[in-house]
Structures are given as structure tokens and as C-alpha cells.
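Here come two complexes built around subunit A, the first alongside subunit B, the second alongside subunit C.
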Partner chain A sequence: MGKAISIAKVTFKEGIRERIFLGVLIFSGLLFLSSGLLADLSIGNILKVTQDIGLSGLSLLGLFIALFLSTHLIAKDLDKKTIYLVVSKPIARWQYILGKFLGLCFLTTFALVLGFIVFICALFYFWKTSHLIQVPHIAWFKHLLAFIFLNLKMCLLVAIGVFFSSFTSSALVAFFFSLLTYFIGANLQNVKMILASKIGENISPILKIVFDFTYWLFPNLSVLDLKQAAVHDLPLNSSHLGVSGLYCLTYIFALLFLASFIFDKREFN
Partner chain B sequence: MHSLLKWELKNWVTSPLPRPEPALFLSGEFALLGSDYFLIKAAVFYSSIVTSSPNGTLWFSKALYLASYLDPYYFEPYWMTGVALPWEGRVEEAKVVLKRGLKYLPQKWQIPFYIGFINFYFEHDNKEAAHYFSIASKLPGAPSYLPLLVARLSIKGGETRIAIAFLQEQIKTVRDEKLKRQLEKRLKAFQAIDFLERAVRKYKQIYGYLPSDLNLLVTKNIISAIPPDPYGGQFYLTPEGKVWSTSNLR
Partner chain C sequence: MDCITLNHLYKTYKKGLRHKIYAVKNLSFSVEQGEIFGFVGPNGAGKSTTIKILMGLIFADKGGAKLFGIPCTHSEARAKVGFVPEQPVLYEHLSGEEFLYFAGELYGLPKKENKKRVWELLERVGLKETGKRRLRYYSKGMLQRLVIAQALIADPALIIMDEPFSGLDPVGRMEIMNLIKSLKKQGKTVFFSSHILHDVETVCDRVALIIKGELKYLGRPDNIEETFRKELQKWARR
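Right, the complex of A and B next:
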């Protein structure tokens, strides 16, 4: 485990030095600070729009760092042959995979924590200075919960990125597969809802079987998305949250196990 | 505003809208932002229209449906639907959006209130209106006059007064200046109608029959002048003794 932590530290430092990391962070900071001004374009409860921009901006920030850096940093090791320095040492390949995963999770969490602090400060400022006739109640605790689950989701995306990087040779291919998995995972619930509606009656049974298979194979990312519950202060079920958290951790474990297995069999030229 | 900028704004606002289901699918976890975006477009459209065309109002109703579909717990699209859409001649579309809102926001008194108002004012269905007003009156925050309104529905007439009360209630909560001006313009028109209808009743009390023309109210010194219609039309008297305008208040 100590060796994996060492790799995690190196990955974290390497990620911090990436220009793209700083760029995304600055862009998100500016977005959160200006969210109140953008929200002013809307009508009625403009604080709702501020929260939407902030939470969606955090998602975008995490998504970019988790998917881009997870596929980019492993591919960079392979491309620049620095992987030889690692595999020639008494480090098991699963330790390398775990180290990379942990380092990338620290990095994503670090960026998200920074973003969340800026967002919450900006939201608090806009809330206190709001000129609304009825200043809406803001569910601060649910925002924190939404943030924790967003972090979990990003760790799952990092695991997806690491998994695809374990057998593809190009960062672009791994990124594309990860993005596709994210897109499917984020929409499973929506598609299920559409299929359950009147539109679903006209869809062929074969397509429904394909969907059922997809539903069980791909991670259902919407169960980790608490944005709507936080913004509208919707009731949350603690056992449902517990199951969702466990589901996410199981998925991460399975992906890392598979990635380690594949990476172990991989030959480097 | 510069004409080119106006043209750009108009094109941006009324650009074709996606169907709700693909929009939900494509926006994924960013559906809340999608809802905000379409509501902003609808609000810009509504506050910048001078005269409404059938295509424009259809686009407006679709934009509001889309905003409510992408985030069904967001109250503002329902609010805008209730306040603006029926007046633009989109009564059925407004009812579809609002009835969906009842499912997601059952604690908001405004939603059954808007449906009741549509039933009462636009569809003249007092029974349905009383049903929805009665639902609204039992919800938290509902105005104290709602039970009285339910009682008044059994009395024929009084639509103009209720429309005035409805608009005054909405103006109190509007923050957007342009939108407020639109509602105030409508309120002004209804106040003029109310003024003329009271004068018509007075005329009938004196002469025992309705005036053949609104100008008679001036010539018989019941009022000093016929107030102008803020929408640019001419007020006239219907055979039932009600006052309306050639502009249809649009």
C-alpha cells in the first residue's frame, strides 16, 4: 500500500503541474464568481439559476479533470517510456494502477474542494445581497451532500478512465471510451423514464432488451447526482443514499480489479 | 437598439426548439441548466414582443413546456405559463404545462390557481374553476380572498374584477421590469374596461336599457371620455353588455 501511496503522490504532483489543470480551475472560479450576474438574466428565483450554474460548473470541472487527466497521465507514462522506471522496480502492477487511481482521485477532489469553496462563498454573497421579494431558503446541507456524491461520481469516472487506459495505447481512444461510458451512464435514468412513458410503447422489444443489458452493464451515474435535490430541497432517503454510495464503491473496486488484471497481462514494447 | 443587434436577438430567441425527450437525453446531468436557458429565452421573447403572431406564441408555449420538462420542480416556468400563456391565446398548451406542474409541485397554491383562472376566465367553466380555486385555497400561502372567490364564482359576471385582482396579485411578485410593464399594460386595459362597464351599468340604471354605443356614455355625461386602449385598439360594447377591444388585448 505504501508503494501505491508513493505513486499517488507523484501522480498528484504531476497533475498539479499540468497547465490544463490550472486553466480549468481558473475558468471554473470565474464562472462561479459570475454566476450571480448570469443568473440575473432569468426571472423570479434567480438564486436557483446561481445554484444550477455552480453545481453544474462543479460537475463540468470534475468531469474534465477526471476524464482528461486519468487517460492523459497513464498514456503519458507509456508514451514517454517512464512506465519502464516503474515496472523495473519491485512494484506490482496493481500497485501502479491503485497509485494512479488514488493520485487522480486526490487531484480531482482537491480541484472540486477549491471549486466548492468558491461556489459556496459566491452563493452566500448573492443570497445575502439578493433583492428578491421572497428570499428563498437554501438547503446548505444538501449542497454538501450533493458535493460529496459528486466527488464519489468523479472517483468512479477516474476508475473508468484508468480501466480504459489499462488496455488502450492511445490517450485519445481511452478518453473517447470513457466519455462514451459517462454519456451512457448519465442518461440511463432519463432513457428509462422516456421508455416508461407513452413514447416507449412504440419502441421495438429488441431495442428494449439492448437497453436492459446496457442498464445493468454501465454505471448508473444519475443515482449519484443530487443537484436537483439540493437546488429544490427535495426529500432524500438515507438508505437510498447508502445503497448508491455502496454501488459506486463496488463499481470502482470491480473496475480497478479488472484494470489491474489486464495491465498485469500487458506487454510493453 | 441597433437594427442588426435586434435582428440577431430575434433570431437567437426564436431559433427552433428541440423536442423535450431528446433535449432531456442530450442534456443529461445538465438538464437544470437547459431549463434555465429555455426559460431565459421565453422571458426575453415575452418581454420584447410588440404584437404576437401564431408562430411566435406557439414557439413561446413550446419553450415554456421545454423549460418545465427539463426541470419539473422549477416553479418559474409554471408561473410564466399561468401569467402569460393563456393571454396569448394558448389556453390548451398552458393547461398541459400547469397540470404537469400539479404533479411535481403539489404544495404551490399558484398552480391550481392559474388552472382555475383559465377555466373561469377563458373557458367560462365555473364548476371546474371552483374546483381548482378550492384546491389552491387549502395550500400554504394562498391569499385569504380565495375562498371568497370560490363563493363569487356562482354569481354570473364579475370576470373583469377577478382579472384585475389576478393581475394585481402577479404584479406584486414580479421583479423583471420589462415583464412588469407587460402586466401593468394589461392591468391598465382591464381597469379601463372595468371603468366602462360600471358606466354602462349606470346608463342602464338611468335609462332602463343598454347604450347602443360607448360614445353615448360621453354624450349623456356619464363619463367625460372613453379611456384609450393601451394595446392600440378601440373599446366597444358587445350585445351582452360587456366591454371589449378591437385589439383583443394582444
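Right, the complex of A and C next:
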């Protein structure tokens, strides 16, 4: 485990010193700070719109860092052959995979924590200086929960990125597959609801079987999305949260196991 | 115990859909402790393939490759081995010190000893002044020296080098030769590949000559240039 931690530390350092990481952080910071201005232009409750934009921005920041860096940093190791100096040491291949995953998770968490602090500060400022006649209640704790689950979701995306990078040589291919998985995973629940409604009655059984297969194969990311619950202060079921968290961790474990298995057979020419 | 044992080693690469080409064919020899062993052959002879098999980067199709009696596919086999790859490509955002420390961690060195070794080696390879500088600002020669330092971080019994003289000027080549000699004095075993026969003849105790993946000569390096020329002619006539 110690060697995996060493790889994680180096991955974190490499990632944080990448220019693209700084660029994404600056872009996100500007997005959060301007969320109040954007909300001013919209129709409806300014604070709710601010929360919506802020949490969506946070999600976008995490998505970009998790997917882009997870595929980019591993592909860079393979492409530039830096991996020779790591794999030729007395370490097992699974330690490399675990180390990369942990490092990228630290990196994503670090970026998200920074983004969350900026977002909460901006939200607090707009809340305190609000000119609304009836200042709405903000569910601060649910925002924290939404942030924790967003972080879990991003760790799952990192695992997806690591998984695709374990057998592809191109960062672009791994990024594309990971992004596709994200879009499928984020929309599974909506499609399921459509199929369960009256519209679903007219859909062919073969298509339903294909969907069932997809539903079980791809991660259902919407169970980790607590944005609406945080913004609209909707009730949350603790057992549901527990199961969702466990589902996410199990999925991560399965992906890392598969990635390690594939990587163990991979040759570095 | 032998440091390196190759036993009827085979490795093929696919060429097209049906054809296979042999990168290494029935290669067998061993390297004893304390010797400087040169692994020579023309470009595409299978030298780097053999080294990659030894370092666990690729896998043999058939036959055995062992380091200190442990199959190369096991990570423990590389515990007493330092590796210098042909291309000195490192993590460009790390400093020299950080990279060496990382290499030490991968060998499982204790923190205190690792820190001490890092600065000892930076001094030994003449990079003490630039130890804190990021690797992206290092020259090729500096990177080459750092790659050698990382191979020595855990004080290995065996050092494997892939074309250590390639791309170096005469001064750089001389430095590497002196390093190899000093390693021998310390009782280390050095196994390196090269196609510069003069250097091999000067520094090696024994050599193995391979052409198209097959072992053509194994023994003392005297007259290696002549042997190499004859073997190449024989191969060309076929």
C-alpha cells in the first residue's frame, strides 16, 4: 500500500503542476463568482438560481478534472515511456493502478474543495446582501451532503477514466469512452422512468432488453446527484444515501479490479 | 547464484494478421555476480526486447528469464536491480530531488535513509546544485545522469542499462565507462546493451552477441569487432 501512496503523491504533484489544472480552477472560480450576476439576469428566485449555477459549475469542474486528467496523465506515462521507470521497480501493476487512482482522487477532491469554498462564500455573500422581501432558507447541510456525493461521483469517474486508460494507448480514446459512459450513466434513471411510463408501452421488447442490460452494466450516476435536494431543500432518505454510497464504492472497486487485471497483462513496447 | 538466467527464451511480434517475426529466438545464457556483461548486436537484434523481458515490461512467449533465481514476471525479482532505460524520460514537473526520493520509495527505502541516499547520489552524479530544479529545465545530459542515479538509489546488486552510450558525446561516454568500472570495483554486476563495440571491448568481462534474436557468440570480448563482422557477413549471405 505504501508504494501505491508514493505513486499517488507523485500523480497529485504532477497533476497540480499541469497548466490545464490551473486554467480549469481559474475558469471555475470566475464562474462561481459570477453566478450571482448570472442569477440577476434570470427570472425567478435569485438565490436558487445562484445555488443551481454554483452546484452545476462544481459538477462541471469535477467532471473536467476527473475525466481529462485521469485519461491524460496515464496516457502521458505510456506515451512518453515514463512508466518504464515505475513498472521496472519492485512494484506490482495493481499498485500502479491504485496509486494513479488515489492520486487523481486527491487531485479532484482538492479542486472540488477549493471550488466548494468559493461557491459557499459567494452564496453566503449573496444570501446576506439579498434584497428579497422574504429571504429563502438555504439548506447548508444538504449542500455539504451534495458536495460529498458529488465527490464520490467524481471518484467513480476517475475510476472509469483509469479503467479505459488501462487498455487504450490514446488519451483521446479513453477520454471519449469515459465521457460516453458519463452521459449514459447520468441519463439512465430518466430513460428508466420514461420506459416505465405510458410512452414505454409502445417500445419494442428487444429495446427494453438492451436497456435493461445497459442499466445493469453502466453506473447509475443520478443516484449520486443531490443537487435538486440541496437547492430545493427536499427530504433525503438516509438509508437510500447509504445504499447509493455503497453502490458507488462497489462500482469503483470492480473497475479498479478489472483495470488491474487488464494492466497486468499489458506489454509496454 | 547467477544474477541473470535466460533459458531458451522466445519472443515474437505479430507482423500483419498471420505472420510472426522472432524478436528473440532460443536465447540462453547467464550472467554471474560481479561481472560486467555486454549485450551486443546491431539495431533490431533483440537487445531491448530481452532487457524489457528482464524488467517485466513485456512477457516472453516461451522459456524462462530469471533475476537472482526469481522469474522476471514477479515484482520481487526486481528488488535488487537498478534499471537505466534508453530514453531518459522522467516526470517533468518533479524536481531531481523529488524524483529520486520517489524512486527510493518504490524500492521501499525507509524515509531517513532515502533522503540521505538522494543527496549522496545527486552529489555523485554532479546534480547537487540543481537538485531542487524541475526536470523540465534539465538538459539531456543531466537527465541521463539522473536516470543513472535513480537506478542506484537502493544500492542494487545488479544494474541493467539499455544503450547507455547512445546519444552521448565522447566526454559523456567516458563518464559512463568510468561509472561502470567504479560499480565493478564495488562488487556490482553490470549488464548493458550496446552496439558500440569498442566501448564493450574496453570495459566488459564477457559479451553476448545476438543477431536477429539468436545468440551468435558468448565469451570474452577479445576480437569482438572481428567476430561481429564475420557473423554479420554470415547472416547477410543467408
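By definition in this document, the second predicted complex is superposed on the first by the 268 of 269 C-alpha atoms of A that agree within 3 Å, B and C clash if a C-alpha of one lies under 4 Å from a C-alpha of the other, contacts with A are read in each partner's own complex, and residues count from 1 in each chain.
We adopt the following convention: a residue touches a chain if its C-beta (ideal position, glycine included) is under 8 Å from a C-beta of that chain, and two chains touch if they have at least 3 such contacts.
These figures come from a predicted structure and were not determined experimentally.
Residue contacts after overlaying the shared chain place A:137 against neither subunit B nor subunit C. Contacts of A:2 after superposition: subunit C is touched, whereas subunit B is not reached. Of the two partner chains placed by superposition, only subunit C is touched by A:267; subunit B is not. Looking at the shared chain after the overlay, A:18 reaches subunit C, while subunit B stays out of its contact range.
When the shared chain is aligned, subunit B comes close enough to touch A:234, but subunit C does not. When both complexes are overlaid on chain A, the residue A:80 reaches subunit C alone and has no touch with subunit B. By the touch criterion stated above, A:90 is placed in contact with subunit C alone, subunit B being left untouched. Between subunit B and subunit C, the partner in contact with more residues of subunit A is B. Of the two partner chains, subunit B is the only one that A:186 touches; subunit C does not reach it. The part of subunit B that touches subunit A in the complex is made up of residues 21, 24-25, 28-33, 35-36, 39-40, 43, 71, 73-76, 79-80, 172-176, 179. Contact residues of subunit C toward subunit A in the complex are 52, 55-59, 75-79, 81, 83, 85, 87, 89-91, 93-94, 98, 102-103, 105-108, 147, 150. Residues 39, 41-46, 48-49, 52-53, 55-56, 59-60, 131-134, 183, 186-187, 190-191, 193-194, 197, 199, 221-222, 225, 227-228, 231-232, 234 of subunit A are the ones touching subunit B in the complex.
The touching residues of subunit A, counted against subunit C in their complex, run 2-3, 6-7, 9-10, 13-14, 17-18, 80-82, 84-92, 267-269.
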